[in-house]
Structure formats: C-alpha cells, structure tokens
Amino acid sequence: MLKCNLSQLDNLFAAVAEAMPLYLPTQGKNGANYTKWQAGAVWSNTCNTQKGPKDLFFPQSEDLMAFKTQGKTIEIIDTRNEAEDFAVFGVRACDVKSLEILDRVFLSEPKDSYYASRREHGIIISLACNRPTENCFCGSFGIDASSPNGDVTCWLTEDALYLRGNTEKGEKFMALAAPFVTECDDTAAEAQKEKIQKIMARLPLADLKTDAFGGGKTEEFFNSPQWAKLSESCLGCGTCTFVCPTCQCYDIRDYKTNDGVVRYRCWDSCMYSEFTRMAHGNNRNSQKERFRQRFMHKLVYFPENNDGVFSCVGCGRCLAKCPISMNIVKVMKALEGEQNG
Amino acid sequence: MTNEQLKQEILRISNVNVTKCMKCGKCTASCPAYDEMEYHPHQFVSMVNNGDIQPLLNSDSIYRCLSCFACMERCPRGVEPAKLVEAVRLMAVRKQGANRMKAEDVPCMLDENTPGQLLVSAFRKYSK
Amino acid sequence: MQTVNTQTLIERASALLQDGTVSAVLGWKRGEFDYDMTPAVFTTAEELAAGFVYNDFCGANLSKYLLKKTREIQGKILVFLKPCDTYSFNQLLTEHRIHRENAYVIGVPCSGMADIHSIRKITGEGIARVELTEGGLLVHTLYDDAPVAVSYEDAMADRCKTCKSKKHVAYDELLGEEGDVLDSHRFDEVAKLEAMTPDERFAFWQGELSRCIRCNACRDVCPACTCEKCVFDNPDSGVENKAPGGDFEEKMFHIIRAFHVAGRCTDCGECSRVCPQDIPLHLLNRKFISDINKTYGEYQAGETADQRPPLVNFTQNDPEPSDVVKGGHDHA
Amino acid sequence: MQRIGVFVCWCGSNIAGTVDVHAVAEALKNESGVVFSTDYQYMCSQAGQDIIKNAIAEHKLTGIVVCSCSPRMHEATFRKTAAAAGLNPYMVEIANIREQCSWVHKDMLSGTEKAVILGRAAIAKVHLNAPLIPGQSPVAKRALVIGGGIAGIQTALDIADAGFPVDIVETKPTIGGKMAQLDKTFPTLDCAACILTPKMVDAAQNELIKIYSYSEVSQVSGYVGNFDVTIKRRARFVKEDLCTGCGLCTEKCPQKKVPNEFNLGMDTRRAIYIPFAQAVPKVATIDPDYCTMLKTGKCGICSKVCTAGAIDYTAKDEFITEKYGAIVVATGYNPISMEKFDEFAYSQSKDVITSLEFERLTNAAGPTAGKLLRPSDGEHPHKIVFVQCVGSRCDSCAEKGKEYCSKICCMYTAKHAMLTRDKYPDTEVYVFYIDVRTPGKAFDEFYRRAVEEYGVHYVKGMVGKVVPQGKKLMVQASDLIDGKQLHIDADLVVLAAAIEPDKSARPLATMLTASMDTNDFFTEAHPKLRPVESPTAGVFLSGACQGPKDIPETVSQASAAAAKVIGLLCKDHLTGNPCVASANEMLCSGCSQCANVCPYGAITYSEKEFRMPNRTTLMRRVASVNPAVCQGCGACTVACPSGAMDLNGFKNNQIMAEVDAICRN
Amino acid sequence: MSELNQEYKPLIVAFCCNWCSYAGADLAGSNRLAYPADVKIIRVPCSCRVNPMFILRAFQRGADGVILCGCHPGDCHYTTGNYYTRRRMSMLFSMLDYLGIERERTRVEWVSAAEGAKFASTMNDFAKKVASLGPNKRLEDLRCKP
C-alpha cells in the first residue's frame, strides 16, 4: 500500500497528466463530471459524478469511418486516431463494475475494436466512497463501495490518499505516482473501509433485494400487470439511459457531409419510439413495452446471457435524474412485492 | 472648373435631381419674378442639366429670385428649381471678393420704410 | 408549504370517483423518499389513500398527461392543476389536443414548489429525510451531521421564484383561495443576456448547450410539444438526429424546438426542471415570449382557450425583421 | 434511384458567352444519378426539344434537369416536352443559368462554377421529385361581371352571346358607367349615348344576362370554376318588377334639393329618382339619405302617386348567393379629387371645372341642356383655358397626384376644344400641355384638326396659377416655346384631372385575393402575354380597373376578357395545379396552426379513426387540404411543427437538398 | 481587413419567392445588373414557404449568409404569406442574435418583380456585409467543412 499526502495530490495529478491524459471529476455548473485534468483543475470528491466514465470508453457519438466521394468514385477513410494511454481517476465501485458489464458486451466476439482499444489504453484508478448517498444501492448487486476494483484502488482519509496497485496497467500509474507517495500499511485504509461499510448499512436502499430477479425469470415478470402502472407516467425520454453507466445500445448512422458521408455511432435509448424500428415497423409500440424492455433487460435478459450478472450497478443516477422520478428501485420493489404478495 | 465640374458642384450643393424634370414649365408659370429674371426657373433646371452654369453665374437672375419657393411647391415632379437658383447664387458669392452686398453698402440703403430685418437677411443671403 | 393538504384532495377525489363524475384521477404519487413524487393515475379511493400526495415536491405539470390518458381511459378524468398548469391546459384545448368534456379540472393553489437540486446545493448529498415545517424545510442527512434548516424561499425552484400567476385560468372547481396574476420580473434574466455583447452571449449559450445530451426530456415533458411525431424523431423529416454529432446539432434542436413552441409556450418551466444537465432552456422560450410581447403586444399563451397564437397571426403594420433585431451590441 | 438527364442550353451566346456550357454538362455528368448530360445551342427550339425527347427514350430517364433561362420563361415548355416523351411533367427541374447566372456575372470562371452549382441543386431536387398528377374540379357555367360600365356591359354581352349565363353587379341604380355621362366620343365625335344605350338595352333584354343594379359584392369564396359569391342588393325601396319607370314619382317628390351625382352636382334631383332617361333598369330609386318618409315617417307622396304600387318603404338589403365559374372585374375609374391642386382655384371658383363636368355642360341631357354656360352666372364663356396633366405624371415624392399618365386626357381635351370652337366660333380656346400624346388610330389627325381647322391655341407650357378676379379667372402660365409668361383673363378653366381606380377596387381585390399595384390598379397575370387575366385563377380584368384606357381599348379588352371567360366556361372540368399542400395524417396532430395561416380556407379537419399498434384504434383530429382550393403558398408547412404539412413540388426535403447541394463546395 | 479576407468568398443562399423576388432577380439579369456569383438563389413559391430549418440548414452546410426575399408587404401573391414571414423571421433572427450569432448574416428584403435594380444592389450590399464578417463560425458543422 502507498500513501500520498493530500498536499502532494495536485503534484501527483500533474505528473500523471504530463505522461498521459488524466480524467477526473471536477465541479461544473451542473455538478461533478469527468474532465481532462489541467493545471488549476480542482478534483471533486462528490459521490457521484453526473455521468459515469462510460463516455471515455464509449462516447455518446463517435465516428466509425468516412466515405469520400469524388465524381462517381468512393474512398473509404478510417477516421480513428492512434490510441494512446489515459488514466481515469476517482472512479467509484459501481462505475468500475459498470465497465466490466460493458466489457461483456463489447469485448465478446465479435469484439468492438473501438471500445477495446480504449479499454486497453485506459487505466482505471478507483476510489472508495466515503459518503454514499440515499440513491446508492450498489450493495444490492454485490458491489462493495468500500473496496472498488480497478487497475488501482484508492481510499481517501482526512489527510491522505492510500493507493493499491491491482494490475500491470495499474503499475504504470503507480510508477508515475512514485515520487509523491510513501510505503505504508493497510491500517488506515482498512479503518476507512469499516467507516464506509457502516454508512452502507444504514442507507435507505440497503435492504433492496435482487433475489427475485435473474436469468430464466422472463415468464414471471413479462406479463405482470405492474408494467402498465409503472410505465404510465414515463415520458419516453432518454435520460435514464444516457446517465446509466451500463446502457450500451447504440445506433449507426450516416451523416451526409459536403463531400461524402461520415458513418458514426451514437447512443440510442430503448425508451425512444424509434428504437429498433425495422423495415416492418417497430416491434415495441407502446411506452409500456419499451419501459418493460429496459428493466427486463437489466434484471432478467442480461443475467440470463451473462452468468447471472445484472446490468445494473446501483449507482443511483437514474433515481436522481428521472424527470418523473420513476426508476429501477421502484420497479424492483413493485415487481418483487407483487411476486411476494 | 469645367462645365461638368460646375454642374456636379451645383448638384452637390442643391441636392436636386434635375433629370426628373419633364419640361412642363409649371415652375416658370408660377414664378412671380418672371419679368425680372433673364433665366427662368425651368431654364435653370435645363441649363444645369446641360452643364451651362457659367451664364447663370453671370446673370442677375440669381439675385432676382425671391426665394418664394412657388416653383418648388408647384412642381409635379418634385424637382426643386429654387434650390438650384440658391446653389448657383452660393457658388457666385463664395468666390473671392464676389460678395453681392458689402457692409459699407448697407448705410446708404437705410431708409425709414425698409425693415431692418430685410437688410439683415439680404446681407446673409448675398454675402459670404 | 402548500395551503391545501393531501387529505383534502384525496377526499374530494374519492367523492368524485364515488359519485361517478370521474372515472380516474390524475395526481402525484408518493415515492421512495420525501421528494420523489411520480405523476400517477388513481382509479379507487384505496389507491388514493395509499399513494396520493400533494406537497412541496409536486412540481410536475399534469396537463400534458391528459392527451395520453384521455385516449386510454373512458369517461372523465379528474386532474389537479396548479395555476401555471392551467395555462398549459388551455393551450392544449386551443390546439384541440384534448376535449374539455373529458377532463374535470380541480384547481389547487400553489405557493411555489421546492426543488431537490436547490436543496442539495445547500445541504450537500445524502438526504435521508426532508421534514416540512412551518418555517421551512428541515433536511436530515445520512451521515452523522446535524439536520440543516432550509427556508422555503431557498428551497424553491427557480421558475417558482419568478412565478407569473397564482390565478387559475381554467377549472371546474377550485380548492382554496384564488390568486392573482403576478408582476414577476421573469424577463430580467433575458434582459441580462440581451445586455451582453454578442461574444458573451455566444460563449454563454455555447457553454450551456454543449452540455446537452439529447435525452429529449425537455421536449417530452413540454405541454406544447405534443406532436404525434416530432420532426427530430422522424427519419423522413431530413433533420432527425439522435445524438449531438457536433456543436451545431444541439443548437439546431433547441432553436427549432423553441421556435416551434414560440407563441404557444406558456412558460411553465418544465423544460428546465427536467433537464438532467441543468441547461436553462426556459431562457430560450422566454426570449421568444419577451420578443413577442415587445413586438406584437402582450400575449400570454393559454390565458384563454381560443386565442390565435402570434406567429400564426399578423397585422399589416408589423415591424420589419431589421427593426426587431436591434438594440444590444453590434458586431464589429 | 432516378435516372437523370441534364441538358445545358447555350441560349446562343446569352449563356455560352459567360458560362462554359460544355464544361457544365461534363461536370454534371459526375453527379449521382446522372446518366446523360449534353449541351445544345437552343434547348427550347424544336431540335433542342427533340434531343430531350430522344434522351428520355434512349436512356430511360426518370427525371430531367434543364440548365437554361428562368423557369418563369420555359418551365412550361420543357414540361410539355417531357410529357410528350412520356415522362411526368413534374419530373422536370430548371436550373436558371441565364438570368441568374450568365447575365449577371461577367467572369467565365465564376459563371461556370456557379452554373455547375445551380445544376447540382436542380439535380438534387429532381432526385426527390415525384410524379404529380393534377386534380380536376368541375366548372360552374355562369360568369359574374363586377361593374356595369361599357367594359362590364361588353364583357357580359360577349359571354352571353356564347351561350353562357352572366350576371352584372353594379353599385349605381343604373348600368352605363362613365360612358353614359359623356357627350361625344373621340376621334369620330359620335354621340356616346347613341352607341352606348343600345348596348344597355341589349344587356337588359338578353335572357342570359341578369343585372343586379344598386348592388355590390359582399363576399367571395371558392376558387376558379367554383366561386361562391354573396351579392348585397341594397334596398332601393321601389319594387323593380312593378315599377314601370313612368317617372311620375320623380316629378311629385317634394324633396327637390338633392345634388344630382349624374351631373356631378351641377344641378339637383329629387329624393326618388331615375338617374337619366335611358337608365337600365329604368326603375326609380329612393335615396334614403334625403327621403323624408324614410327619415321621419311623414310624406309618402311617391307611394300615393304610384299607380303600379311599386313603392315599398319597408324594403331591406337582401343578400343572394350564387355560384360562378369565372369573375370579371370591371370596376372602372374616377377622376381624382382636385383638393390638393388649389393653385387652380377649383374650390374657389365654380368656373374652374373638371373635364368630366365639362362633358355634362356640353351634353344635351346635362344641366344646361347642352348649352355651354358658366356654372357661376350662366353666361356664355368667351375665353376658355384647358389645363392638361392635372395630377397625372406627378413624382411620387411630390405626394400629390399620380405617377402615371392618365392616357385619355390629351384626346378628350382636343375633343372639348374642337367642339367648343365648332359650336361657338367666337370663343378663344387655349390648351396648356406638357406633351400631346396621340398614339391611336386617327388620333393625331384629330388633334391636328383641332389646331389647324378649329384654331385652338395649343401652348407648350403649364399653368402656374389661377386667380379668380371679379367675373374673370386670371390664368398665369408659361409659354416655353416663345419664352413668355402669359396672363390670360379666362371665363372658364377646364382641368384634365388624372384618373384613378374606383375606391371599391381595393376591398374587392382583397375578397378576390387578386393582386393590385401600388396605384390600386389590378395587376395582370403577365403584362404582355396575359393582359386580361388576374394572377388569381378565374378572375379576369376588363377596362380601366387594370389601367387607364379609352373606350375602344376598353371594349377590346372587355371582349378579350369575355373570350377568356368563354374558354374557361366551355370546359367541363378544370385541371388544377398539383403543387399544393397535403397533410400526412400519420404525423398530423390536428392543432389548427396551419388553418390559422391558410389564406384560402383550404384546410379542414375531421376526426378520423386510426389503427394503432396491438389491435387498438384511435379517433384523432387530422387536417386535410382541398387541392382545388389550395394555391400552394406553403404558409401551412412552416406553421406545422411536425412537418405533417408539406408542399408538393417544394417539399421540405427537396428544398433542403437544394440547400445542401448549393453549400457543397 | 486582413490579407486572408481578400481571398475569402462568402457563400450566400438567397431564398426568393417565385412571384416577386425571383422575377426581380430575373429582371436584374435581363438588365445585366451584376452581383457576386457567391449568391445562389433557391426558388420557393412564397417567402412564407421558408422554414427556419432551411436557414439553419444552410448555415450548417457552410453558408455564410442567408437572405430571404419576398413580395412587399401587401403585395403577396398569396395575399398574406409575407406577413407571416415577417413575424417568423423577426423572431428567428432575434433568437439567433440572442445566441450570439452575427445578426448581419441574416436578412429579409422585400423585392418586387419590377425591382431588378434593388435586387442587385441588395445582393451586392449583403455580400459585402457578409464578407466583412468573415466565415461563419458560430453556426457551423465541422463535419461539413472540407
């Protein structure tokens, strides 16, 4: 375990940023978000960022390739830049886990080379949550907010940051951090862990259970009368999807430029009426069906295809952001209550 | 100055568009100083248009015009002959030593029946 | 603190369900926490008793739901509308989006709604409980900190601080006292922007709009955006786009959206309330309202149900665009 | 994917002089969808059109782009060409590389570059064109003529002659118009009444012609072939069908002090009156502004003397609605007010009169029974001054009078002068003129006769002012030829007042949605090629409502308008313009924004049932456009936020494709 | 102006109504009244056909200025079309100004079929103004730049 006094932290950031782009949460007008560190930037320890680190690996819109036309000839252009290493600091346990979920989608065959390259070059420096909020329920998905994964794991106390390298990639970061850290034992970090776990235990959503859900539960829930009730006030906007760290649906579109076409992909939302529109029309026509799809996917379909892993990490962003305050917790409680009651 | 330069100068001073004239002569028909004038309002318009400024400058007509503006008021085309007369007059009196009235002339013009104001305006109008 | 309590509303709604006047009730439902109310339909007195709530966190404007719900539900729907919501209701009637006979409107007074984001800015994250008291809100956090008192004034949503009207412009019955149209200073912020140089204005909007994630929440919540299909969702429209592909796209979206609702927007402020990225979208709509008021005479959309919106109207003496777009600073 | 042919026209050197036409044709070959591209000297010629026709057949073209002159010039031509080759005519787009390119740019390089871009835009648009088929609508076989002067009468007679029913609406109690007030007509000097009144009688007796006198048009809706017109028949308080026109009432009426408008107020008539002896219909009319019975309920003399029992004091305005296939506007003209020309002392002296008043003074049926007498003292005038161009040819910035030449004044003034000298050789006659304009058959000869045979003094110059002095009128004028200022002590001054369209024309134009120029003359569809049609389909123009005209011109235009109307009424169906709006019901929200802006009321709404997902149905309010009423302005398309409303031929995506193509460089 | 700007040629899209302004442009042509080739005209039936989306689209695609020409108020072939245009564009342009977009990049001008000279002088003036502003940066879409 290494220790970095808080007074040294900015120097550490500067040293890392010198070697590679460093992204960390800073306060903006609408709360904290990951931004590229520049001299003078102030790291924010808010739990949690408005949007997760998903954008850094899977941006909202991303050019895939371009076609250039000249007369009646077409030239195909690879629009990708040479990939370079980058570091993301301050990633919470839930968000670290969310990347593992995205990996299951993008890194399984056929591999998504755009995502894969970023994952390969991105170093995740995670940070335990000192102050989880009322919206947090990562525990329900077996995530320990006091001990996140990642290439490096960090704990923050009153006066210092404690770092533990977990992977080879993590060592790259540790090497850059070396001038600003000293060796130490686990005591302080362990104490912090304990503190965190105490708060975790008294979170309002601490007792949210996932037992009722998982692969193979399609029949139990698909035709539940609850869906109509739950979805009745859903606006059909994409907020939950776009703030969700695990949502990974995208659409590939062609944009006609002045001298050709740029083919890009952009996030799509299963809440949108045009989602999965096909030649024959749309296979999910009502907001109820779209709403059901989103939650069934998170709680049943995804675990069914992914060894029981839910595609929700309990980060609570949808709870904070939904314009009508409908969210996965309310859905789980309603469905579970129905099953039990 | 060439004729064309003189013409442009007159047009600049007066801001009159002489090409709008349709040669109806209503200005001249309206002119109360007709008999006093060598060149009449419609001739001012026509002569300015032709660049024939010199005769106008040399003519007494520019001092005979009463500036009553009847020609401007009546003109159906919005041409303003009185402004041309005024412009030619200005050009004449602005020349070195060309004042029509000199201060020393004034005392001998004084007489009981002449309003003082008349002399003041005349002095302003005919001198630099 | 609202002057009419939940119980009064439940009783009235239950009675109207009971006597068959209405077949459903559109209201707000209690959530997981003290502040996360969800719009909901209630069809029995039991449902009402179990979940209906009206308090300082019932900001959602229910009028737009009538469009969908009157299509789904037979019979009259009871809807609770706050003063500003009634303007939206009238505008929907103007545009024939709902039929008057399908709705039973109970006007509920509103003393301004609290906004959890404003509260968080004061108390920080981790709100365990929000207690509504006479003097203000008492906010308990999850951590071992002492509870924080927040005045109603400070807790209030920005849009409520510049409330334009406490008067209900449409209702079948009214609970509580009728209020007045207010002199609201709601255009002050617009004027502030107008007073900036173009460069400053550009920088301001560039900063704000570049945060847009095109979640469409502003559009989807907007009671004036009731198109069967939005141009931005229609693949055949030629302007459809799902995600901002560059700086231009979000400007296009927000300019056109504001233009489409210009003269129809009642300034209910829902767009800014729901924006997950905190973009002050109401400042776009208010610019149009302010311009319309200044150029074509005072006009309040939704004031009555039969108005002709100013952009589908004209007089022969309207000023020219070049006369409208002046004042402020010139470009170099 | 379209198969597009591109045809670049040289227009001789008009285009080829500034645009490298061959390079344009070559460059456009590279555009997607273009399978054929060529250039030719004159595309609009028979040979050029054959190139197009052959290419359509040979290359199986589905759309063509002609880079040529303005579409306003030859779009119709090339559409016909395409149609002849079996291609839908609306698959043709024109790139305007003459008026908007070669003629305005001097440099070959930039001209060529721009021509290519304009061609690209047209190609981009044609890609999105769809074949359009014009709709058809039936034609109501009845015409309406608004105005019963010589123009209206002639038009009505000609239409009726072709066998179609026609109605005349006239605001005055009688038809006849201005011509009925005239004495003689130039250049033949035949008597106006002698040639007009037979036509009036013909109109009255023609079974196909219905005359609504003392009436006005109050509302117009519908469209070409199907106008619905509401006519207000003002109460004349005399039953038209009973009145025999005996005139007894007009002799017995005690109210004698009503100014007689037919004589321009130079004498008086009764409160019940027949405007003149040859009036059609010859029916009395009670003037409600002067009738004691109508105003106070006391009198009733006319009713007592009327043996036919035709008087009805209780009559009310009536409204009738009739369907018409075509409408002819013949609202005529009036002399302008002389108010702003007080230098001529019109309001100060009764002996300063307008030319129309002079007509009445010399007319045998006029206030002086045809004797030329001074209105002030009834004495015979010995010296008369005619002033031409009073209020005509004024600059707009002078803010009085009209900018245009009133056209008829030169000739009628010559006529007046000549007649005066003919009847009263002892009278001295002066005519002050700016120019004497006599283009017309036998016109200049006529004017020369006035000078040479009758000794009229024509003076080139204008009258500056007229000052009444005792019994005389002191006229101060210039003689520009002699370089003199003249002072004439005249007995009578006659002003040739400018003429202007009747005041009823402007509101009528609004009802008809027909356009007008700034002077309130109706605009013709094309100044040269379609001079008797209004741009609004089904509305035709006859007489001075379109511009100043003399009688022969008016009559020939009246007959021309009639010919156009007959051509229209002969058709059983009309083929519409397919470039009209249409609503996509799937997208329409029924919000009524579009109907608010539609100037034609072409949009209506209905509740329609829609099949929804999951076997449900939904009743929804949606808009629909009547393609026969829609004129294709597109106002609705912008009012519609969802894009449900689109305009055929100018669809949203077509215009955006043009924008994209233009910006693509 | 910098040397750079001498090279710079603005792209101007002009929407012209078929009845007045397009005919006015034709008349400018017939009278050989020159204006810059940078001005490209799109024919629309009436100025009221022009959707704000078209204007933004032009800027997106690289236009530096957009001008809308229609019949003079009161002379609309369709009676009222340009009255709506006047309101719509007043509001739209004011909004663009509010967003900090240079107000000289947009203009509405009424040009009758008889005003060929006005058409040419308007286009000359507008092209000059737009050129002095330089390339449109504030409403550009980088994807459409070469």
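Quick notes
By written order: A, B, C, D and E. Residues from 1 in each chain.
Criterion: a contact is a pair of C-beta atoms (placed from the backbone, for glycine too) under 8 Å apart; a residue touches a chain by one contact, two chains touch by 3 or more.
For clarity, every value in this text was computed on a predicted model and none was experimentally measured.
Contacts with chain B and chain D are shared by no chain at all. Pairs C-D and A-C differ in how many C-beta pairs touch across them, and the larger number is found at A-C.
Closest chain to the protein centre (all Cα atoms averaged), using per-chain Cα means: E.
The greatest centre-to-centre distance from chain C, using averaged C-alpha positions, is reached by B.
Chain B and chain E have centres, each the mean of its CA atoms, that are 46 Å apart.
One simple way to say how far apart two chains are is to compare their mean CA positions; for chain A and chain B this gives 89 Å. For this pair, chain A with chain D, the centres built from the Cα atoms lie 72 Å apart. Multi-chain contact residues of chain B (touching two or more other chains): none found.
The set of chain A residues touching two or more other chains comprises 255, 258-259. Contacts with at least two other chains are made by residues 52-53, 57, 61-62, 80, 84, 88, 143-144 of chain E.
The chain pairs satisfying the stated touch condition come to A-C, A-D, A-E, B-D, C-D, C-E, D-E. Within the complex formed with chain D, the chain E residues making contact are 11, 13, 18-19, 22-23, 25-30, 32-35, 37, 40-46, 48-54, 57-58, 61-63, 75-81, 84, 88, 120, 144. Within the complex formed with chain D, the residues of chain B that make contact are 20, 22-31, 34-35, 40, 42, 70, 74-79. Within the complex formed with chain C, the residues of chain A that make contact are 28-31, 46-47, 50-51, 60-61, 131-134, 199, 202-205, 229, 232-233, 235-239, 241-243, 251, 253, 255, 264, 266-269, 272-274, 277, 319, 321, 323-326, 329-330, 333. Residues 69, 71-72, 256, 258-259, 282, 285-286 of chain A are the ones that touch chain D when the two sit in their complex.
Interface residues of chain C facing chain D in the complex, by the touch rule stated above, are 71, 94-97, 226-231, 234, 236-239, 260-261, 308-309, 311-313.
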